[in-house]
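Below is one structure, written out as structure tokens; the observations come after it.
Letters A, B, C and D mark the chains in the order given here, with residues in each chain numbered from 1 onward.
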């Protein structure tokens, strides 16, 4: 077993910071303190002037995912390498059964694809239809596969979308199994009709994508999912909360004592709908995702949610398509593959726009990038905390590091970056993944296959 | 032509009151003033100490309606007689096509049934499915039949319920035609599942009806209908707004500049869910309606909405079933015919609980019982105002009248009254229907067939 | 007596519009109808293609007012001439007792100054301190002088400001007398400290004015005044509601059933805080008023309030100082006389930005420029309605008129206009003041002294 | 040094629970784990079936406080003994300078009185006037005395109350020093006038106390304090948040990204205004405190705030007066000494009403009774967490313990208990205060003087 000691930094957890050294034995943190005797031969990492934080967790990625007739360009290898380069040590990906495919088979497919992962990872399982088989398999997914979260799409009509009756059934099943339902919240019926109307009026470009799914359709669906979860007694996690309307639905529910969580993406915190007006079709199409970027006025609401605790997690929905893939949608915005990247950039961007501006404390930064989602996913404090006994997923964060984001230098396999040219202050000097140095001095040391699958136990059933 | 002069009263309109006499020639108000010379032979009504107000309009009745395997007990004759006895001079009923029936045929059925009406009346047309035929017939309904409102049921799954896609299509059509969509807002999918769950747990009595459709399912559906209307550019009228959640959805929409209207019922303003705990099955079942009565805490919200203008209309949803009819639901609350009465009692009860308590001014009373809905339905000021040129639908309101509500003395053909024993202060001394005395000194003078069908022109299309 | 008939227009009242001619006999409307026989010799005004609306009422002006060591540049003659040129036929000015001066003496001063008025006018009386004398004089003001409104300043510390104890006493007295309290709502203590802090940091220019009184200090004071009024049982009218925070305080109160009214100014609806960043000191200082212009984001809230009814009145706070007067504040923004003009421009600007954009219907335009305030001030329907018996204060509104606002052409005696260069669509073709043509074909015909003082009766005491 | 090991329990921290033993060496926790070797001679506490939680912190007590002409009945000895008997291991008391007294002298007085304390304790310092001396002394209070919180009274006119100008000055000073302002938020001007009015109407009994300070006056003051703090850049802690209005002001501020905290009392969570209608003057007067108990409808809002995180701390405002002392107010409710007890009962009552009902998780229980306030007061994780290195302030909580509250058996020196007869499920089996057994098996072992003063460092200045 190798020993490793991080000296001279300030340990930052979601609820407290203090100067301390951190001693790692193998994959685990074994001591935290101010005068630790390191075992002979222990490797030392100098964290002077740095923060020693739990590695980031990104609970929303789509690696090597078949979607809209193509496959996302970043697989588990390159997606997780991007993650590690940006301080993120665990991702949670969405396991999507094909139409008619059993969840069990889908799980096997995803496990196979994920063997390449360089960082730790877990899965959410998608419920894309309802049947006795689905009902039965959910129990196996929870109890045998260690998956305690089920994803539901309220949009993508004719493909992944489920209706209210199906949501009710699945949420009730989640409540029974001690699992947490997740929703992609947009009203798919309305989106489909508005897409039709726009195309009927001759709007075919990427801007039509944004017009066809305004904040109102997300706010409505969020409000609806919350009600249905409440009726079944299940908690609810709303992925990619992008707008004031959706945030307010969540905040209202929480103010009524309901257990509802919201996840803004780093994209929605920083980018706005003006991108879709770019004269370059490619530029605009590269930014097509659902929900689309919003008017700038929504960003204040999301930031305030992170500050006040009505939103809990910042994710990426990393779902990378190359420009070539995006061009499948020339002439019909409905065919542009939905998705953008962000795994490598989430933490530096959030630090820059959140912490250096005074919006978030460094403890809150840890909360929304790591600890909160670890708690929500029931893997805390194994993940999400610098504590004795925790996995040694650690990022040594240098607040004075600076970097300009550029597709040319990124891990991701795609040919552009939606944050191209953004300047970041603060970034990972070192990333440790279960005690192994995965990233240091601007160089990736993690290797394909270093990652492990993380099982997550269910909550107490309701 | 007969002349009639109302002397010595205070004319109360929604925006102003002042002492004045009112002269009527035939069916029409021809003069209002303080020193009117009445034509020779004019009949005089003494309104000393009384308010002279526009006759009430109840925009929500179900007379002689086939529903849940039976037919409502009050037909157009007795429903409108009850209305006139209570100061209401016009009702608007819901024309419901049978499954597969054309709107045009349904309209003919309703016109036939309504020939018995003793007061004036109009119709809303229900959209219970979507097809090219429905699309086409809506235009005829608006342009030929003078109906500018279409009703949509978001509940009653398997029967009247339409889904979001159908709502979108119909609302868009309404916007195009200058018509107003109406919704019964409850999430029918969720209600159906909760009914199942309750019956599965052995809850079969009337209290199960209330448990299966809590305020949350109404609030959700209201919020959803508002979004869909907004996307199509249509305004929206929400019938029987019964709870804080639904009211808040409406108020939020209005605070965002949307044209949305809400209609609390006199029942929800005064009665609460405690009624369903009554030991008598009959008592509880007589009060079964959708939405059900709510916890008392919701009533303050509804009253405040009427005061502040975020709710506009007080109606009855008069839908009367005898106790015998209600007993169809013994053993399964889903089979209790939904509906209660109220046409005769709405105005005296609202005056008692609203005006004598200081919650509403007398002008606001006129607004919410008559003028607001006349404006919303585009028949103002022909209806809904004491003005020269308006129909002489007038109620001489005696604020000192007192009455105890009793099924024994009511016009309605049913054997009970959900307000049995309520004491009212204030009531109609005289009701005029287009210049004819319909009710005076506690006696009904209106006759079967006195009422006329009122056509309502569309609004400017969007 | 002269007769005058307005032919061929559409009469627009706050609750209904219809094509009709309007016959005027002397100062009064005597007939409205579609086929009116005009008396011989009646003068005809052609209103073809035009709207015939009640003349505007501006309830917030400061004419010939001593303030901050100078006197406003528009006196009652030129202020009311500006009003008439813009379609406004009545103003309500603030009668401000000097320190130690009795209300009765102040009233006499104001009556003397107002003899020059070309349009009708009324007064609000200011309560700037509290004593037995003030308590006693308030009764005379209400009962003898026909003033049913009392103004209170929560800002201008050391000058007009009153504290919470004084507000409570005065509001309670208003409730007793059937009068309505008005407030200028900004926290004067906090403003004074922030002014100090800004000057201490070397901020002396007009932008410091805005920095020292941000929306928060207005929102807070509005919320406080509402609470105090509620405790005394008085209704409340909040002048110059300029921001989301203040509007939300009003909307919250109304949603709780309280009788609270809010008055956005045309300036705050259209102009924003960017004006204070203008490089020209004069330009910025000309726009100094309290509350200051706000970030653009507040404007949506104000417009939505007008649409939904949580705000009721659009006024101007016309308080005109010349550039020379403004320059008293060079070197210390606290000494810039507070105030801007607007009397001539309010209605054309509101029509342009409100009606032609679809935000307000033409009926709502009449409501917020005339009818609502007439009702609030208890002079309706004498003022504020086109009705038989009403004063013939009428504006024939040409929706196709166009005009570019320019100080060079304005009635106001000042040398600039904060709306310089704004294009207006829609404006008054003819303005009638009690039956006399005051403005026609771009020419002013009203004369100094044509206006009359309008007494306003109290409401029923609480 | 003595060693002590707690075996077999489940350690509960605010963010996670897990089964573990806890080893204590002297005053400090030295190990937490599942297979700890205890040093020879270590004393063992069996925590089987129990939760091992950080000792409670009550940040709001008034021990041996001179107030309204008398002195609170519980001094530091008996107040802290009551605390320990109920699982609370630290109290924070309010140091109140007499009029004209320097803060430094007041601090010496309080230190002298607190020498008797049986548990650890700290102070808040009250700012009851403003002067150069106060400005200067605040720095000494923070830097020399280790007090990082300053209390301000917006009520108690003529005594402790400070006005908005003083609040602004003091909050700005707090921001500069890295201290946190606290407010008692009620509008003292309005309360004083309403007291007068009530007495004028002959209302002299304890019910008058409640009538004179309704929720609206608290909501207003809370909203005002938040605005003033925001303007100065200071965070804000609102003590004894008792009603929906105040909670909503806090929640609004937080939703806007402001750092504001709210503290409901266990009394307001469980008791309501009905108590003041009790026929016994003594019963009602014993419950007189400010803010008074509220209508039951407010309790849901407070509970939801604790669940959603918009309220953070549950305290007691322990301020005990005997019935004899209360009787000073016979004939004039203003003279009833304000205050109730609760130190011994806070944690068992909150567990019973919060955790056993499902409103709060056990982790949230720890958060609101201990960890949150430890973080807010900057003594975390020394206090407020079961962690290696933390003070061994530990409560072994037996969820199956049961107890009926009774004045006869309480530690407090007063002759009644406002929770008399309440049944509690869950309570402290053992309380450790810095490693010493303070309470065990229903017996108090702590002794007068065992407590130590806890210094609290300032936050980084703004």
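One rule holds in what follows: a contact is a pair of C-beta atoms (placed from the backbone, for glycine too) under 8 Å apart; a residue touches a chain by one contact, two chains touch by 3 or more.
Treat the numbers as computed from the prediction; the structure is a model and nothing was measured.
Q: State the chain with the largest centre-to-centre distance from chain A, centres being mean CA positions.
A: C
Q: In terms of contact pairs by residue number, which of B-C, A-D or A-B shares over half with C-D?
A: Of the listed pairs B-C, A-D or A-B, the one copying the C-D interface is A-B.
Q: Roughly how far is chain B from chain D, centre to centre by C-alpha average, rounded to an integer in Å?
A: 53
Q: Let me have the rounded angstrom distance from the C-alpha centre of chain A over to the C-alpha centre of chain D, please.
A: Centre-to-centre distance between chain A and chain D: 39 Å.
Q: On a C-alpha centroid basis, what's the spacing between chain A and chain B, in Å?
A: Chain A and chain B have C-alpha centres separated by 50 Å.
Q: Specify, in ascending order, the residues of chain D that touch 2 or more different other chains.
A: Residues of chain D touching two or more partner chains: there are none.
Q: Provide the full list of chain pairs in touch.
A: A-B, A-D, B-C, C-D
Q: Going by the contact rule at the top, pick out the chain D residues touching chain A in the complex.
A: Those residues of chain D that touch chain A are 14-16, 33, 251, 254-257, 300, 303-305, 307-310, 359, 371, 375, 380-381, 388-389.
Q: Could you please specify the touching residues of chain C with respect to chain D in the complex?
A: Touching chain D: residues 163-165, 168-169, 172, 187, 189-190, 192-194, 214, 216-217, 219-220, 223-224, 227-228, 230-231 of chain C.
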